[in-house]
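I'd like to ask you about the structure that follows.
Each chain gets a letter, A, B and C, in the order it is written, and its residues are counted from 1.
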Amino acid sequence: MSVVGRKNRTGLRFALALACTLLFLFPIYWIAAISVKTPEEIFAYPLVWLPGSFNFNNYLVLFRDGDAWSVFHSLVTAGTSTVIAMVLGTFAAYSLARYKTGGNHLSLWIISQRMVPQISIAFPVFLLFVSLKLIDTYAGLIILYTAFNLPYVIWMMRGYIQDVPIELEQSAMIDGLSPFQVILKVVFPMVRAGLFATAVFTFIFAWNDFLFALILTRSEVVTYPVQVTGYFGSQSTFWGKIGAMSMLGMLPMFFVVATMQKYIVRGMSMGAVKG
Amino acid sequence: MTSTLRNLLPAAVAIGVLATTAPSLAQSAADVAVEAAKKYAGTELTLLYEAGLQPLDPINLTGPMWEELTGIKIKVVEAPVDQLFTKMIQETKAGTGAYDILNVIPNQMPDLALAGALEPLDGYIEKYGYADEIHGIGKVYRENQMTVEGTTYGLADDGDVLLLYYRKDIFEDPDLQAAFKEKFGYDLAPPKTWKEFNEISGFITEKLGPEVHGSGMHFQPGNFQYMFQERFRVEGGKFFDPETMRATVNGPVGLKVLNDIKADIETMPKGVEQWGFIEMLNAFMDGQIAMTESWPPVGRWTAGYGRDTEALNWLPETKVGGKVGYALPPGGTPELAIGFSLAVSSTSKNKEAAYLFAQWMNSEEISLQRVQLPYAMRDPFRESHYADPEYRSRWDGAGEYLDALKAGSETGLLDLSLIQTDRYEEALRQAIGRLMANEDPQTILDDLAKQWDGLTDRIGVEKQKRVYADWASKPNAYPN
Amino acid sequence: MTRIFQFRYLILAPAIFFILLIGLYPFLKLLITSFQNITMFADDYGFAGFVHYARLMDDGRFWASVLRTVVFTAIALPIELGLGLAMAYLFLERVPLKQVFVALILLPTVISPIVAGSTWRLMFDNRFGPINQIIGWFAGHEVKLLWTVDTSLAWPAILIADVWQWTPFMFLFLLTALSAVDQEQIEAASLDGASRWRTFRYIVLPAITPVMAIAMLIRGLDLFRIFDIVWTMTQGGPGTLTETISVYAYQMAFREFDVSYSAAFALAIIVVLTGVVLSFLRMVEVER
């Protein structure tokens, strides 16, 4: 193919990629626009496509009224549970991968735990947490998200660990490292990309959870998805607040995706074949 | 900060007045409550409130005021209105005692009482002599939104009623009046029947369209199901046969009502089937519709009342300030849609303190301030509210507004209330949704009747029959 | 040797403890409750036999919700897969600013389904949403499409929202899988004169099947349990048209507090779902 031809092909692909990206971004743009529009602009007809000015009042209101705390609550619960799940889950995955603990049955059982629909166990979990005094607490949500994410972490990390050549661990053991040190010093670095990829998806799951947060919180640790639904009223829909809260809830995600992007892709391609 | 200060001003004034006049007057219910509650100083009461604007009342005004007076802290937990019932039953079933004071929608009261979620209040009412001030509450609210089978479970706290709002300037336009009289033979005025409504709406749309339509309504099922309940009864419909407890919504009256609604929609702006409260409010405030039927806040907000407060700055500017008229909807018996009563949770650990707070909030003195809050969602519900000179002078049409509300509190129709009302309402909401999606009305009604009958069978025909009879025997269940 | 024996259980135990905490108690409670008779009004703890399961079998609304959910899954999954594949091919070759585009395209997947549902609900609003405006430009006149209220538009609306949110997820999986395919084999095949389609069918497809299977499993499961997007967009309406299994379950458990019935419902779903997934996994394991 001629050089010009190739350039055209690349140019075409670029245009298509751009179009694709814009298409997917449009709704996000729309919500962002809502969050900075004035009330008149939100309810204007015909539609206002570009906000006239950047009216950050909605954001200010969220911070002033304390609604913005919900983002913090989400950060704490999702972040902590992710860390715990990654640590416990990776060690557990090692046990399954290298020692084949529990054989096929155990791993299948663990995976099946992820298949449970949330709505099914919401009320029993509520009752359990009532008796353990975990309702509306950080501890409660953290325990819940950890437990819910562990099967996924174990499943994914098992695959990544199995990809690591066992000779590395064996030679480390010969060098005198304890099994624990082997995991920490040899295995962890090897599966770093997989760790990141799994951690990101684990965090996302906890961050975006709605149903459990709805059932298990009242007022102290309301997370941001629940906060957003509170703005849909019978006699008032606070679209401005919905927009601003949505954007606040998206920001950490943008950050995560932007910084972790290459790890995610690399991590997924590593574990891709084994799963 | 300034708006909070502004809102604390009435509290400061009230406290000042209380301090200077208390010894010389007989103790008001508010005072009694405060005095009795002081012994609970240092405790905390949790209040369950509908999320949105409603909680601003206890957060900005009554909570701090109460704490100042009694030393009891108030904590507010918010939930979207369709979550309130869920949260109350959830906590009751688990026996957590998480909430002390509840906001109960009156037609859910039987279910909540039956499920054991509410504490009977008669004992407290007697102990603290509240019966007197209860008499000051608007008749229909008082008689129908507080008791279940004779036991008092709640204090009616909100004068929710659906009024007709119309554009006075359009109705008073001489050219339009002449043309209308010529075409239809009667004067252009707020419609007394739904037939008139349709004629007026069509006329205005014809003359002033497409910028202005004759009417627009919030057809979203959650809102409109109340309007259907009202209109169905105004046209003579009965929900059930009292002997057999079979649903009779799918008779000729039901069909007529649905067809009439569709005919009305023809005169309304395109897409009205999807309108929720905000869309309707926006259309009216923007001058796009000449009539609508809705809750009391519409009357205040379209007049521009409270627009300058921070809590309401998400509202667009009203272009119809000073042009809004208030009337009872066609038929003259408006629906007392939704509403709220203050109740005490049966699993509360501070029942007496909770009751005292409720009594205090609901009392003549405090409730008057609450219903005048510009961002308030509590609508006037006491005789004294309707007559209050300060309220009546708040904006040009305020007197007329309060008169209409008062009329509504006398002739209003109760929301249907049975065992598991929510399930029946759910079926009704679904039927409305299907009507908006243009399905065949008779089919919709037949299915609705079938669903209702299925529910009645499962709940128990005899049980439901008794509850229905109890409800239907109330003077405001059906128009006379 | 005993040291290793203890070690492997030691590092596994905390994880298992957590999983059991949330997995075991609720499961047992559901089991027990499903044989009792607990409703909103009565807490009857006596043994009630299989009455709730029988009712479940007879419950038309339940089966309707199952049918709807299955049909929706069967439609959404191939669309997301196909679009994801197409996009993955697009980004496979050299594209300037590829990293930026990929990161941006991933955004819909990482936001809360609640936010996604709310956003699309607004987008589809007849008065305040841009979708109808855009369609109007193409149609040349104003269109009145009531997406969340019209029986023929409610499911398409939900479908569009879900495809928007999750195609990037499939795209990511497939991109990584495609990148891992052995380039030499492909070149050899095209040198031999094989068509693009044959190359895909016999070289690429087998190579990406394991990843595709995992992605389909995860997505299929999530579609089956879909709740957040449906809840914010239509709440299961109009009528019960978009009532999926989870939405109906929510109504039963948290609106009507038909606790025992919900328990039977929940168990039935868990059992069926687990069965389906386990057989799928066994199939995949066997193939490997």
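The rule we apply is simple: a contact is a pair of C-beta atoms (placed from the backbone, for glycine too) under 8 Å apart; a residue touches a chain by one contact, two chains touch by 3 or more.
Worth saying up front: this structure is predicted, and the values here are computed from it rather than measured.
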| field | Centroid comparison with chain A (C-alpha atoms), farthest chain | value | B
| message | Just the chain pair, please, that has the highest number of C-beta contacts. | response | A-C
| query | At what distance in angstrom does the C-alpha mean of chain C lie from that of chain B? | reply | 39
| task | Please report how many Å separate the Cα centroid of chain A from that of chain C, as a whole number. | result | 16
| request: Quick one: which residues in chain C touch 2 or more of the other chains? | output: 127-128, 254, 259
| field | Two or more partner chains touched - positions in chain A | value | 42-43, 123, 127, 215, 229, 232, 239
| note | So chain B residues touching two or more other chains come to 90
| task | Mind listing the chain C positions that touch chain B in their complex? | result | 40-41, 43, 125-128, 142, 144, 146, 148-151, 237-240, 251, 254-257, 259
| Quick one: in the complex, what on chain A touches chain C? | 9-10, 13-14, 16-18, 20-21, 24-25, 27-28, 30-31, 34, 42-43, 45-47, 49, 88-89, 91-92, 94-96, 98-99, 101-102, 108, 110-125, 127-128, 143-144, 146-148, 150-151, 154, 179-180, 183, 204, 207-208, 210-211, 215, 224-225, 228-229, 232, 239, 242, 246, 249-250, 253-254, 256-258, 261-262, 264-265, 268-269, 272-275
| query | Which part of chain A faces chain B closely enough to touch in the complex? | reply | 39-40, 42-43, 57, 61, 123, 126-127, 130, 135, 214-215, 218-219, 229-241
| remark: As the complex stands, chain B meets chain A at residues 50-53, 75-83, 87, 90, 94-96, 98, 222-223, 276-278, 282, 286, 295, 297, 310, 313-317, 338, 377
| field | Interfacial residue positions of chain C with respect to chain A in the complex | value | 4, 7-9, 11-12, 14-16, 18-19, 21-23, 25-27, 29-30, 33, 87, 90-91, 93-99, 101-116, 118-120, 122-123, 127-128, 130, 133, 164, 168, 172-173, 175-177, 179-180, 210-211, 213-214, 221, 224-225, 227-228, 232, 245-246, 249-250, 253-254, 259, 262-263, 265-267, 269-270, 273-274, 277-278, 281, 284
